[in-house]
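Data block below; observations after.
Going by the order they are written in, the chains are A, B, C, D, E and F; count residues from 1 in each one.
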Amino acid sequence: MIVDIVTYAGCLLLLLGALFSLVAAIGVVRLPDLFTRMHAASKAGAVGGGLVLLAVALLCFDVGVAMRAIVGVVFLLLTTPVSAHLLAKASYRTSDQLHLNMVVDELKSKTGQNHRA
Amino acid sequence: MVELPPAMIETLTSASDWVVVLPLVLCLMGAAATLMLRKSGGLTFIFAVLIVCAVIACEVTLLLRVLDSGPLSMTMGKWLPPFGISFAADIFGAGFALTAAVVTLAVLVYAQGERGAEDGRDGFHSMVLLLLAGVTGSFLTGDLFNLYVWFEVMLIASFGLIVLGGRPAQLDGAVKYGFLNFLATTFFLLALGLLYGLLGTLNMADIMRVAPSANPAAMAGVAALLLLAFGMKAAAFPVNAWLPAAYHTPPAVVSALFAGLLTKVGIYAMMRALVVLLPASRDLLEPVLVAVALATLLVAPLGAIAETNLRRAIGFLVIGGVGSVLVGIAVPSLAGVSGAGLYIFHAILTMTALYLVAGLIESRTGQTDSRHMGGLYAASTPLSVLFFVLVLATAGVPPFLGFWPKLLLLQAGLGEGSWVGSLVAVALVVNAVLTLIAGSRLWAHIFWRAAPEGVVAPAPAPSHRGAWLRLGATGALVAIVVAAGLWPNGLFEALRFGAPDLLDPSRYVAAIGLAGGAP
Amino acid sequence: MGFGMDASIALVAIAPFVAALLAPFIHRLARPYAGWVLALVPGGIFLFLLTLIEPVVAGGTVSASIGWVPAYGLELSFLVDGLSLTFALTISGIGTLIVLYSGAYLKTHPHLGRFLGFLLAFMGAMLGLVLADNMLALFMFWELTSVTSFLLIGFDHTRQAARRGAIQALVITNIGGMALLVGAIVVHHLTGSWELSALGGEVRGSGLYGLVLGLFLVAAFTKSAQVPLHFWLPNAMEAPTPVSAFLHSATMVQGGVYLLARTTPWLGGTEAWTWILVCFGGATLLWGGLGALRQNDLKQMLAQTTLASLGLSVLLIGLGTEAAIAAMLLYFVAHAFYKAGLFMVVGAIDHEAGTRDITILGGLADRMPVTFIGAAMASLAMIGLPLTLGYFAKEEMYLGLMHWQWSDMAVLLVLLAGNAMLAGVAMLVLVRPFLGPVLPTPKLAHEAPIAMLAGPVVLGAASIVASVMTDWLGHTLVEPGAAAILGEAVSSHLTLAINPASPLLWLSIATWALGYLVYRQAAAMRTLLRRFGAGLGWTADTVFDAVMFGLIRFSGAVTRLLHHGRLEIYLATVFVGLALALIVPLGVFNGYGALLPNADLGNWSAKLSWPQLQPYEWGVIALALIGLGAVLLATNRLVAILALGIQGTAVALIFLMFGAPDLAFTQFMVEVLSVVILALVMTRLRLDELDQRPLEDLARDGTLALVCGVGVSLLLMVVLSGTLDTRLSDLFTATSVPIAHGHNIVNVILVDYRGFDTLGEISVVMAAGIAIMALLRRRAKPAVPAAPAPRRRRKAAP
Amino acid sequence: MNSLIFRTIAPLIVAVMLVFSVYVCLRGHNEPGGGFIGGLIAASAMAILGMSSGAAEARRALRIDPLAIAGFGVFIAGFSGLLSLFTGSPFMTSIWLYLELGQTSVPLSTPMVFDIGVYCVVFGTISAVALALEGGEEEP
Amino acid sequence: MDYVLAGLVGCFVALGVYLLLSRSVIRMLIGMTILGNGVNLLIFTAGRLTREIAPIVPAGLEQPDGPIANPLPQALILTAIVIGFAMFSFLLVLAFRAYQSLDADNTDTMRVAEPVNEPNPPLSY
Amino acid sequence: MSAADILSWSTLIALIILGLALLISVIRIIIGPTLGDRVLALDLMTVIAMGLVGTIAVRTGLMLYLDIAIALALLGFLATVALARYILSRAATPPDDAP
């Protein structure tokens, strides 16, 4: 019985994760500029991937594997922001086309225009 | 439960059987060790020489054993063939491996003379040992996929060697060399995949057993792919472009090593694959083989005549030699395969020596182009003798080594009694004459002619230790060429003993000892 | 003959080579006497050969044989019979004199040792050639004579003419050598033997007789300089005079004549043989005679007469009658004696007077009396006066034609004309330089040293002595020699008595008379012949140049065409090969039938039915295709890199879906690392990523690529239509856990069953590391500006 | 890449990756993984270290010349095959030893040594290449 | 499904060949990689496909309890992937160095080893 | 419907959704327009692929695939960092391939 419940929960997480991933993908395609897309990718994407891994942890019925899955989730959550940050920083420095809708350029005051190519 | 007998060899392996595999392992581990030692000064050279000497010792033992009792094999990991990887030495494999090691030793000594102050920091010695490992493995392996692996070892080691020094021409040559050769091994892999899909096995002896029952059309396709792949490795016309594009660019020692080893491995692999493994498919491909042999024989010496860059010209002579071996594959009678085998032996020694002499010439004149050379005849007797002997040996003039394989191949062509055979024989003759023309022109321009206007006369003979090392290494190779040409009886004994194994590989198969008995 | 004889005959062939190797050192040690010391070798050989006369005359042959390549059935066998002994004695005898002569002639030359070495090596080769009974041994010595001759002709190597002469001689004689080799192999196939003495009539009777004959004739004609392959011989006169005297008159060029004589028993006697030999011999005789009259250089005159003499010998062998053969033998010895003598005389004149031009020499007899005596003896022999060997030779050859048939008459006329021209030239050579008024010469002439005089005098004297001892001559020279050629006993009938009733005498007198006429009209004829030559515009010699240069130009064109240095075309060639290898065998040998096992459309579509793939599997395949498409259409490098990542990921997913986790794992890793390395390298590379190929190239490359792709697919499908033999995998699966203690079968294969592959694989990885390091090592240095390679950029098609 | 966030977090990530790589390598005989994959992961860790704190720093952290590690890998891989010389069997015949440590028995085998050799080769080579490309300078 | 993959292999090979024929060295490298992937897939397919069952013997068992994917081609491909990666790295660095010192990324303009317009061989002896 | 059926169906659906997501994210890689967009999309693709691998692990019951997923997460990071670095260094050199 408990097995069934865990299975259902796992399935739910799995589907949810898949949906998050899909949303992230759609967001990356649909959103207007790099930095907004980055939101979609790094947030929804990480959540989607993490949920799938959690689902695996639930569905495997094995402590060792579950531990590994959870380590994977932690790791994902650790790396995604860093990579997003680096990418954003790099893109900001070089970007030739920040979106026109951008109202405030907070970094500009800190780093100055001269950092941009 | 699993029964063990069909899976593993149950008899004890005598330690003396290890001579089949030791040369290769010694080279690999030697390369690894020199790599670890590479920052410890001049040690690497001594170490590498010791390793190669040990390899030679093993291979002499191996050759004696093969001559004594026929092909010798060892299957790795105690797994019965075809489950494990077999190494098997027949007379050709063992003989060529030995020759390759001897040549490598000469090249190492020469290189020490040339590089002098430069130690092994750039990994030169490791790469030479790896190259030798690849070559030895290719000569001795009894498994097709394993052959692919050793091909790649050889290839990547040659990549490393060809760029040593990094002059622009070298890089250009290396790009051509790299792409075309890597492509060749990729084709080989492609053929291997298809072959596995058809036959379900990779062991050469096993392939001989099951190939006759496979779909002949698909087998012909695979054989054609193998022909293409090995033809590229061997620099057969028309897929030989990488050789003249690259061989003259690296330092002369490297050219010498390449000329002696690389194409020979390719052509030997072709001989093994087509004559021994897939004779039925070879018969289907015979017109192609004949055409390729003819074209290679006729076109290559033209290049040697046309080229003024000394080492490029020699590169074309190397290709011409490949054409000669192709004759043996196109006309695989006993005389044909014997001649091809003997030619490979001859070419390993002669072509290496020729490039080493070219290196000596270049360092004496300071030029690479024969248009700007001259006056060496008066300036250097030893160099003149070496070059002259080698040119004659290449052209197949008796009593030097090159004559004997030419004789056997001519006999094979004429003994055929068909117009194809006669055509091949005529091409061999034309090749010999053209080669002689090319050689004599080079001789006249570089040696006889006085140094042309505006070019400094050859430097006086240097007499430091490096110069003697270089001359000695080259001279030793030439001495072998002369001695083997004057007293070829031992070679013919070996051929009489070993060449029939190529046409009727039953002894070879028996030596490997397949699970489930011989075919 | 026992072991002793075997060894000594082998020594005859080998000793000169040993002496040749030692010559430079001997020269260094015994500088002024090097010639004298080294002459001991040929002298000793000559004396040894003299001891063989007795057994040979007694009707026997002396044979010797040492094992050479027994595994191939080759013996280094020698046969001494009348023919080879005659040649060998001549070679070693004249060789002795020539070595002496050279020692003096090149006394001050720094490379005299080298020269004597070549000369001795040549002599060894020549002795081997005439003594060998084995065809391959004969071929080997034959080629050695060519090679040594090459070195000797080019001895004066800084002059282009010498180099040209050397290369010309080498190439022409090598062609002949190859013909000889092929001929020998064919004969071996026909008879199963390499031994000349074992051959009988089987060659003449076989269908390949024409081929064999042609090959041997080409060999002989190139060596003996028969028209139209004669032109190398005059050019070979670029060699120092002793070489001309020895190689290019007395010995090497006679190699072809020897070969013809040697092969007469089993190759000769047919209609074709006679006709070809007589025609070419006659043509050469006349051509050489006329050629000699054209020259004013003494050496060139002699060279041309050598041509004529060779033609004469060939003609005589072609006639093949007893008298003709006897004449040939006598003529060979006579010619060797007088021609070598004359060359040595000319050398002496050149050496002492500084010129060889016949028009500016005169009156040397007073200053060089001994030379004059030598010259006189030689010239008289050449004219064919009684009391010289030349006389008998001439008598015998006329005798052979006394049959009063029209063909014989024609030949007789040719002989008469030829001999007359030779006689005329002989008179010129004797009279012009030595008699008449004294003309000033570049050097003040005086008598040559004794070593240079020994040759002409000894040879002249020998010629006279031999001609007096007619019986001895007949028994020791003519009878055994002719017997060896004709294969039957021959009786000689030489006599000194002059019979006025014989037409022979009148023929001789006619020869002399005509010869005198030629001598009187020499200047006029020279002018006439030169005008004729100029009118002709070309000679075989210029044709050789044209052919050589044509060959070089052709080679250049072919090589530039094939090796243009453009990688894309090299690659295209390779891919054409790939396409052919994939498509043709399937089509030719199977008609693509394997693809349609039952030629049944229903079955066909069932085979490709859709439901076998899950939707997400289609998705992954679509991903792979999208990745490929993206790579194809990428317009900048980052997109290409990323697209590469896409298809790599897709491949990894395919591996994953079909049960290959290890592969998928590795593929992911490698893909990511590839992207990383690409990104690292790309930061330093700025690449023009636009495809620059013009449209037609795109179409061509695309077609080629499509064919390759389709070919691979087809071949793979054919392979898949069979069943796979999974013995290997089955055993691995069964034994992985129990024996190899591993649950991951793939990994067990990698480290155990096929661990050896992996050992090679890690070597590849390590080697790649070293190679990349080697590449990156020199990066600190500023890049050397590349050679001014024109940056040829094609415009992209619109 | 002078990003504080990256530099701070990189050592942590590198450590995790190195541990993971050893784990993947050692269990390769029974589950997906093995020396090659392990080596690749470890080399990726070195690449990240190189990118975050510079090639020179990474080399210093590694202490040993990466190519020498590769050489060592080939050496012990070959050596593990040579061991079977003493058992009278052909090259690369596996030898298994079970070490009894208390209750559990730890298997020691030549294939394992071999796999470690593979790990070293891949790690050494790829690190060397990545660091060389990263550093722009020649190895010290 | 084997046949579908066979078709896919053809696509890989075709694109690889097409890119290798382009003159840009980097494109050629990418083509090489794709060709290599195609060949790996070919070996995989030639060893016949089995869906999702990895060749791993479950813990505790002596032998797998059902059909598994063919392990041998997987091992071969693994070797080939590694070798291909090593080659790719080398060629990439080589291309980079060639670009640096030859100032050319296009094979059309890489003509140092075999120079353009070489003079004809001398017509002399 | 049993739990097993549910599991089977939901993994299938998840696989399909993830496959779709994969394809969609690829669009961004291809259309760009900036380098950053593409790298971002590749990063996302790696994460989705990781999800796909995890789902396959669940579907087949072979947990050994999980490690691949974890490694993918690690390496996806590496790729993104390397590419970000690449973008940065491009800033130093004039762009030659901006669309």
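Heads up, the rule we're going with is that a contact is a pair of C-beta atoms (placed from the backbone, for glycine too) under 8 Å apart; a residue touches a chain by one contact, two chains touch by 3 or more.
Nothing here was measured: the structure is a model prediction, and the numbers come from that model.
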| item | value |
| --- | --- |
| Set of chains adjacent to chain B and to chain C | D, E |
| Chains in simultaneous contact with chain A and chain C | D, F |
| Winner on C-beta contact pairs when C-D is weighed against C-E | C-E |
| Chain at maximum distance from chain A, centres defined as averaged CA atoms | C |
| Closest chain to global C-alpha mean, per-chain Cα centroids | B |
| Far-end chain from chain E, centres as C-alpha averages | C |
| Chain centre separation in whole Å, for chain F relative to chain C (CA means) | 69 |
| Chain centre separation (chain A, chain B; CA means) in Å | 56 |
| Separation of chain B from chain E, taking each centre as the mean of its C-alpha atoms, in whole Å | 25 |
| Residue list for chain B, restricted to those that touch at least two other chains | 1-2, 28, 31-32, 35, 76-77, 84, 123, 126, 145, 149, 152, 156, 159, 163, 166, 168-169, 175-176, 179, 183, 190, 194, 197, 244-245, 305-307, 441, 444 |
| Chain C, residues touching no fewer than two other chains | 160, 163, 167, 552, 555-556, 560, 563, 565, 567, 571, 578, 637, 657, 661-662, 665-666, 669-670, 672-673, 676-677, 680-681, 687-689, 712, 716, 719-720, 724, 726, 728, 732, 734, 738, 743-744, 750, 752-759, 761, 763-768, 770-773, 775-777, 779, 783-784, 786-787 |
| For chain F, residues that touch 2 or more chains besides their own | 15, 18, 20, 22, 35, 39, 56, 62, 64-65, 67-68, 70-71, 74-78, 81-85, 88, 90, 98 |
| Chain pairs in mutual contact under the definition given at the outset | A-D, A-F, B-C, B-D, B-E, C-D, C-E, C-F, D-E, D-F, E-F |
| Complex interface listing, chain B residues touching chain E | 1-2, 145, 149, 152, 155-156, 159, 163, 166, 168-176, 178-179, 182-183, 186, 189-190, 192-194, 196-197, 244-246, 248-249, 305-308, 371, 441, 444-445 |
| Chain F-facing residues of chain A, complex | 3-4, 7-8, 10-12, 14-15, 17-19, 21-22, 24-26, 28-29, 34, 37-38, 41-42, 45-46, 48-49, 52-53, 55-56, 59-60, 62, 65, 68-69, 71-72, 75-76, 79-80, 82-84, 86-91, 93-97, 116-117 |
| Chain D-touching residues of chain B, taken from the complex the two chains share | 9, 12-15, 17-18, 21, 25, 28-29, 31-36, 38-39, 74-78, 84, 123, 126 |
| Touch list for chain F against partner chain C, complex | 12, 15-16, 18-20, 22-23, 26, 29-30, 32, 35, 38-39, 42, 45-46, 49, 52-53, 56, 62, 64-65, 67-68, 71-72, 75-76, 78-79, 82-83, 85-86, 89-90, 93, 96-99 |
| Complex contact set, residues of chain E against chain B | 20, 25, 28, 32, 35-36, 39, 42-43, 45-48, 62-63, 72-73, 76, 79-80, 83, 86-87, 90-91, 94-95, 97-98, 101-102, 107, 110-114, 118, 120-122, 124-125 |
